[in-house]
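My structure is below; once you've seen it, I'll send some questions.
Letters A, B, C and D mark the chains in the order given here, with residues in each chain numbered from 1 onward.
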Amino acid sequence: MKILYVLFSFFIILNYGLLQTGFIRRITARVGKRIGVPFYQPYIDLVKNYAIRSQFSHGVMFYLGPVFRLSGGIGIFLFMPLIYGNEMFSNFSMSGDLILILYFMFIGMLGMALGAGEGGHPYSIIGITRGLSQFTTIEVPMTLAVISIAAQYQTLSISEIVAAQQGGFMNWTIMTNPLATAAAMLAFLGMIGYAPFNVVNAPQENPLGPPTEFHGTFLGMLQTNRVILHVIESILFMNLFFGGATNWLALIVKAFIIYFYAVFIGTVFPRFRIDQSIKWFLFIPTILGILAVIFIS
Amino acid sequence: MAEEKNYKIIQPEDTEENKFLKPENYKREVTAPDGETFVVDPINDYFCDAKPQPHAPNTIKIVEKFLNWARSESIWVLGYGTGCGSIEIYPLMTPRFDAYRFGVQQRPTPRQSNLFIISGYLSVKTLKRAIRSYEQMPSPKYVMGLGSCTINGGMYWDSYNTINRLDQYMPVDVYVAGCMPRPEALLAGFMELKKRIKEGKGEGANEYAEKFDWYKANQKKVIKDWNMPDYNW
Amino acid sequence: MENITLQNISLAIGILVILIGLWGLLTQKNLIKIVIGFALFDTGIHIVMVSIGYIKNRTAPIIDSAVDMNNASNLVVDPIPQALVLTAIVIGLGITALMLSYVLKMYQKKKSLDITNYKDLKW
Amino acid sequence: MVGPIYIIAIALGTAFSLGFFKNANRNISFSLMFLAMAFLTFISGQWLYAFLTQQQETIQIFTAGFKPPFSISLQMGFHEAVFLTMINSLGLLSAIYLFDHLREKGVNMMMVFMLLFMGLNVVVMTRDIFNLFVFLEISSIALVGLIILEKKQDAISSGFKYLIASGVISGILLIGIVATYYYSGSLYINDLISANLSLVKGGSVAVFLIMIAVILELKPFPANGWALDVYQSVNAGIGPIISGGIATASLFILYKLLPIGGDAWLLPIGITGVISFLGSNFLGIKQKSSNRILAYSSISQVGLLMIIMSLSTSLGDKFEFVFFSVLISQYLAKAGLFWIAGIINKDEIDDWNILKKSPGLIVLVGIFMFTLLGLPPFPAFYGKWELIMNLSQSGNFVWVGIILLGSLFEAIYLLRWFGKILIKQDNLEDLKIKFHKLIPVIFVSFAILLFSYLTAKWSGLIGIKYYIPFIIALLIFAFDFLPVFIKNIAAISTVAWYSYVLIYQTYIPENDILRIVFGSIFLIGAIIMLIPGFTFKGKRQGFYPLVILMFSGLAGLIEARTTFQFFFAWEIMTLASYLLIIRGKNAVKPSFNYILFSMAGAFTMFAGFGLAFAETGSISLNALADVLVYANWAYALIAIGFLVKIAAFGVHIWLPSSYAEADDDVTSMISAILIKSGVFGLIILMLSMSLKNAVSPNIPYVLGWIGAIGALIGNMMAIYQEDVKKLIAYSSIGIMGYILFALSMMSHMGWLTAFTYSIVHFLYKGLLFLAIAGVIYRTQTRNIYEMGGLIKRMPLSFISVLIGIITLAGMPPLAGFAGKWMFYNAVIMKGWYLQGAIVFFSGIVAFLYCFKLIHNIFLGPLKDNHRKLKEASIWWLIPQFILIIGIMVISVYPKIVVEPIGQYLSMYFPNDGLVWDGTTASTRLGYWDATKIMTVFAGMFGVLFIILYSMSRKTQLVEQFNIVFQGERPERPETTHYAHNMYAPYNKALGFLTAPFITSAWKFVYESIHSISDQVRKFYTGNGQTYAMHIIIYVVVFYLFINGGF
């Protein structure tokens, strides 16, 4: 029974993610005074990629890499409570808490890294080293923020963190712990990976970063993961800092706004080099995070 | 740090075949860590020499039609400008022409592209790279010839190092004539391509696989220094 | 004035000789002179020993006509320091001889009598 | 019983009768001398035997029929018998050693030789102070005579210096004797003692002169240049006579005359000893000549003995034990080393690697050096232990510090020397060993072993059980000619049997979780890590005894109930691991760093135990808990010892290169197992001390920061390593940082984390090192960028490394995540947020090198010369898969491990534990259900895989160069492998964190010590007059010191 609910919410999240991606692309196109792709373009791309006829593989890990990647993405989804107070849409969140989700993100990265690594394309590896380097520093403000709110609420359970934020706008973490929220939201920019932090897969330069060699079904899986991951990360931040959601509508609205914030920054700013972004993450967001921790203790 | 060479290059025999072999592709005698020596032949050992296979369309008509629709609506162009025509491709992505509307997007890697636009004259040297890139694209894949030069050589019809007819070397789905064709013409070409795909005629990849020997013979006729396996995976 | 006794005078002379000997031992660069310095040092010690063993107004601890056998312990000085001095003189002689033979050997090897030339081993 | 007077008679008679032989028949004259020497030895040995077994009374022999003071009297007591036996047996062995030398030089030398020993014998026995002087002079003259007969220019000029100096000293002594006689009227030592001269006006000067002369005879630093030169220049056969014969006799003079000075002299003698010990060892550091090193070492040991002598009253009935254990070990070892120096006949220690030609001699050198250093199981260890304990108890902490510092200096030069012997070098000359020179060396080494056993028995500090491993090691050593296969089986079965006895039979019934966990890591780990030994061909001489010793040391830690047993096991383990590391190809320098840091750590630990003993008066480990006053100091000092072993930040620099250069399977052992000994020690320490309130909470707090920074720096450094073993080694530093941090939190969750980490780190670090070792074994390179693409050739190793790094990085669903999860909980509960954040950051940094590890070795393009590699040998793979099974079990069902540990910890930390509900573990903060996570993950992965498989069409497997390359194609695998300097941007941004501050700091310390030592030793100008001047100044300063002039 649980599995059916999980599948149902997965269906929602997947579709929402695809639509969101389409709409966001359309919005960014409008910013550039274009019309842009149809909102259903992600669906078409996905279908096309899954329908690619010829396929080759560099080896076992190249083959399994995308599976790992998608497992990582779906894994986070599986352990994330979606709707507060709704047992049906809490997925498997009773098996693990916030820490599990934070560390589950690594599985996807590892999958990508292994797959791309066996692909043997040097540019993929360059992309991966960039991605990993950047990710380590993104995690610094993120960790500080998580510690801060865990200390604030004295719990690591996402459901309980959400529960503690119920009862109005003023109870949200963004109001009760603005420093942690600020640090985490800056980290969020890096997690989503739009500009200024998208040198990882800077198109043409290296040519696509990690997925350079991936095609067809593999690429389809990576795309699927990407849309899910973006939504789930938004939902995570929603749960931690913006009071969670008590129904699907609230979830969609909040997740969209959080995601849109990253997109907004991404369309406005140019790109950082990797050492610049490392320094940046270890500077302002980290200071904010440290302040958040100091104030809470 | 001067690195000690742990291999010995074996000079190839002076045959016609080996004439254009590059030094890095010479056979070399290497010593394994356990002291055993053996010969590495880069051409055979480092490249897959399997021939391409035609891929049959989905046997269920309706599914194939749906997939063809999806393919036609999601055309990913390989970002590779071969000649002067490439200057006409970039405006496509600007607000004025906005090819995104039609699901046309650019990809930097052949692995993820469906459409290869040969943008203008194609020198023999570029042809080699173009063929490699084309062969590295996954099936189904399409080729669009841009400008007169790809049709009959255009103003370079008697040039010493450009090809005259593109479809001698790779199956072309659509030609867009002109010198140069305007972006509007390109858009029209996309429409034409979409139509062909939807009709199920965009089977250039299978055609290439079926008539592989013929294409390869044509290619080798102009590309004298062919020093690679026949098909680039 | 009371202190100027034979014993003290010889003690002072002995100490002076010791010091002269030491001075020679420590400052002279010539090996032979060093040996002489050592010999003086030794001699000085012997003088000191004898003068320490001396008891005022007594005679040498030899039982002869001048010393009555029965009263000897009151008439003669303590014989032991004198015996010690004899032994010490012998030993001192031995060492001096050994030193000289060393000097000989050293001179044979390096043709030099300057002690500063014999610093091959150091630190 | 042959009377001792015959010693003189025979020696003198032989010496004179030798004169008749001229040089006609040297064989006969040598035999005569040898027989005489043997008879001397027999007489003294017989008396010693009588004293030891038959409760023989001390006897006095009166010459000339009068009682003292009217005649010279000799005394034969227990102490005399010991010293005489030592001196005479040394003479006997020296005679054997000098066999051809004596024959070459003729009867003159034999005569002088006999006279020398006669003199020394009388010096020991006589109770008449002037007689003492005479025979002292005779020995000196005889010695100088021996030197002049050498006919070497160096020897002669140094002999002259010796003459000048000893002349001055004997002058002083003579004046002293006469003055003493003047005040006391007797030359009989017993009378002098009872006369209590120091109280008489002027008598104190007399006593002063005698005592200072005796002290000067002992060649105290710094008035000892004359002796050093002699040591350096004489024939190696005479060196032991000076250090073992004359110095020993001189010590006995001091011992004999000490009562004349009375208790007032104890302190000055102690201070002299301390200065000698520290100064000589300090100057020894810069020496390059082997004989001179031995000279410095000899003088320092005499200094140590003077210290012990000065403590004779406070040591009480332990005095003899301490004194003789140190004296005899130094006497035996020094003689052995001098003799070996003579066999090699190379003055510079750089040339000593000629010994490589004769491994047996290396073993002997090792035994002698470790004896000198006072490492277990050699006798001086027990003596030093009692000494330090006693000094601490009497509050002389400064002395303890100085002695330990001096010992450290001694360790520097001796071990560097030992390292030089083992440096690999081609084209060594042949080493010609004369058999007669070998006999005494071997004899002495057996004597050391025997004496070690006797001392251990005498000390009563450890049971005979502790000697079983040595016997096993010796047995294996005796059967070292067997092939590896058999020895490996023997070693594994020994360890298996022992772990059965220890863990299954002892600790499981006791339910002592701490010891079960660490016992399993140590011993079961040992079994696993020994399996790869089967791959080695040949004999691997010396490997297995050391392995057995190392693991027995580890087991000894588990079993220890007293601080002594603990320290004993600790030193055994350190020593054995040092010797194991030094077996690696270029391991001499790294292992030197290792042993130096370990020794320093061990010494601080030693001092800490001393402090604890000073307060509680008990050496029981449990008694540590009762330390209150010195708690902070004791705690910190002991902790430093453990910190060195776990390579905590600041003292970590020894680790990477040691790990890198050790043999591959040794690296697995030390990194997965040995390093945990520090963790175990810390746990023991914290359990007994930190839990009581006596220890300031600031210390764990500081430890926490050290751990956090260590974790960060270790992981950061690991990123940039191009040497694969160094990479994992730095990662070990990082992980040990976590564990230290977790332990210092002093909370239930923190400790649970530390335990879990210890177990998991053992599993995955062993796994990684074994897998990497298998790869290195095939590729013959450690440079990570020279590998690549090996997944095609070594898939099983790849799986091991993959599982290893997933666990290391702490990714769910594998076991590493358990540690991370507990860590978060612990940090937040404890409130150490900032440190915690650093630790987590470093945990994420770990991801970088994990990827580097797996990518650069297994992914990317396969190199030309690796195209035909085979999978790693099965013997490397079997232990890997055992470890993988372990990881998997803990991953799926962590409860079986974590729950008992939690229960155990509840005894100490009752609050905030982990609550188990089915498979779900929860704290008051969060929850985690490993089994379910694993199920969900496996299910999801399976479903996705099936989806991918069903959707994918016929897949063409392509070769490594079939990649898009902008229309071109790659040229060579090397140019396509993005491996070298992989994280350049990271270095650009954060490289400043990994600047080698600590290494430079230690280097600075090390080099400063050397350059200071180099400058200080310049006062030994080599001029005999300067040396005499030193003596005079020394006397003056000493006098001023004694009389309060300062």
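The rule is simple: a contact is a pair of C-beta atoms (placed from the backbone, for glycine too) under 8 Å apart; a residue touches a chain by one contact, two chains touch by 3 or more.
Quantities reported herein were computed from a predicted structural model and do not represent experimental measurements.
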item	value
Centroid comparison with subunit C (C-alpha atoms), farthest chain	B
Chain centroid nearest the full-protein CA centroid	D
Centre-of-Cα separation between subunit D and subunit B, whole angstrom	69
Subunit A and subunit D, separation of their C-alpha mean positions in angstrom	54
Mean-CA-position distance for subunit C and subunit B (Å)	112
Of all residues in subunit B, the ones touching two or more other chains	48, 53, 55, 109, 111, 233
Subunit A residues counted as touching two or more neighbouring chains	53-56, 207, 212-213, 216
Per-residue multi-chain contacts in subunit C, two or more chains	none
Every chain pair meeting the contact rule	A-B, A-D, B-D, C-D
Residues of subunit C that touch subunit D when the two form their complex	18, 22, 25-27, 31, 34, 38, 41-42, 45, 48-49, 52-53, 80-81, 84, 87-88, 91, 94-95, 98-99, 101-103, 105-106, 109-110, 115-116, 118-123
Complex contact set, residues of subunit D against subunit B	778-781, 864-869, 953-954, 956-962, 964, 966-973
Residue numbers on subunit A that touch subunit D, as the complex places them	50, 53-61, 63-64, 66-68, 70-71, 74-75, 78-79, 92, 94-100, 103-104, 106-107, 109-110, 113-114, 117-122, 125-126, 128-130, 132-133, 135-136, 139-140, 143-144, 147-148, 150-151, 154-157, 207, 212-213, 216-218, 221, 273-276, 278-279, 282, 289-290, 293-294, 296-297
Subunit B residues within the subunit D interface of the complex	6-7, 22, 24, 28, 30-34, 36, 38, 40, 42, 45-48, 50, 53, 55, 80, 109-111, 128-130, 132-133, 136, 228, 232-233
Residue ranges of subunit D in contact with subunit A within the complex	789, 791-792, 795, 802, 806, 809-812, 817, 820-821, 824-825, 827-828, 831, 833-834, 836-837, 840-841, 844-845, 847-848, 851, 854-855, 858-861, 920, 924-929, 932-933, 936-937, 940-941, 944-945, 948, 951-958, 960-966, 976-978, 982-983, 985-986, 988-990
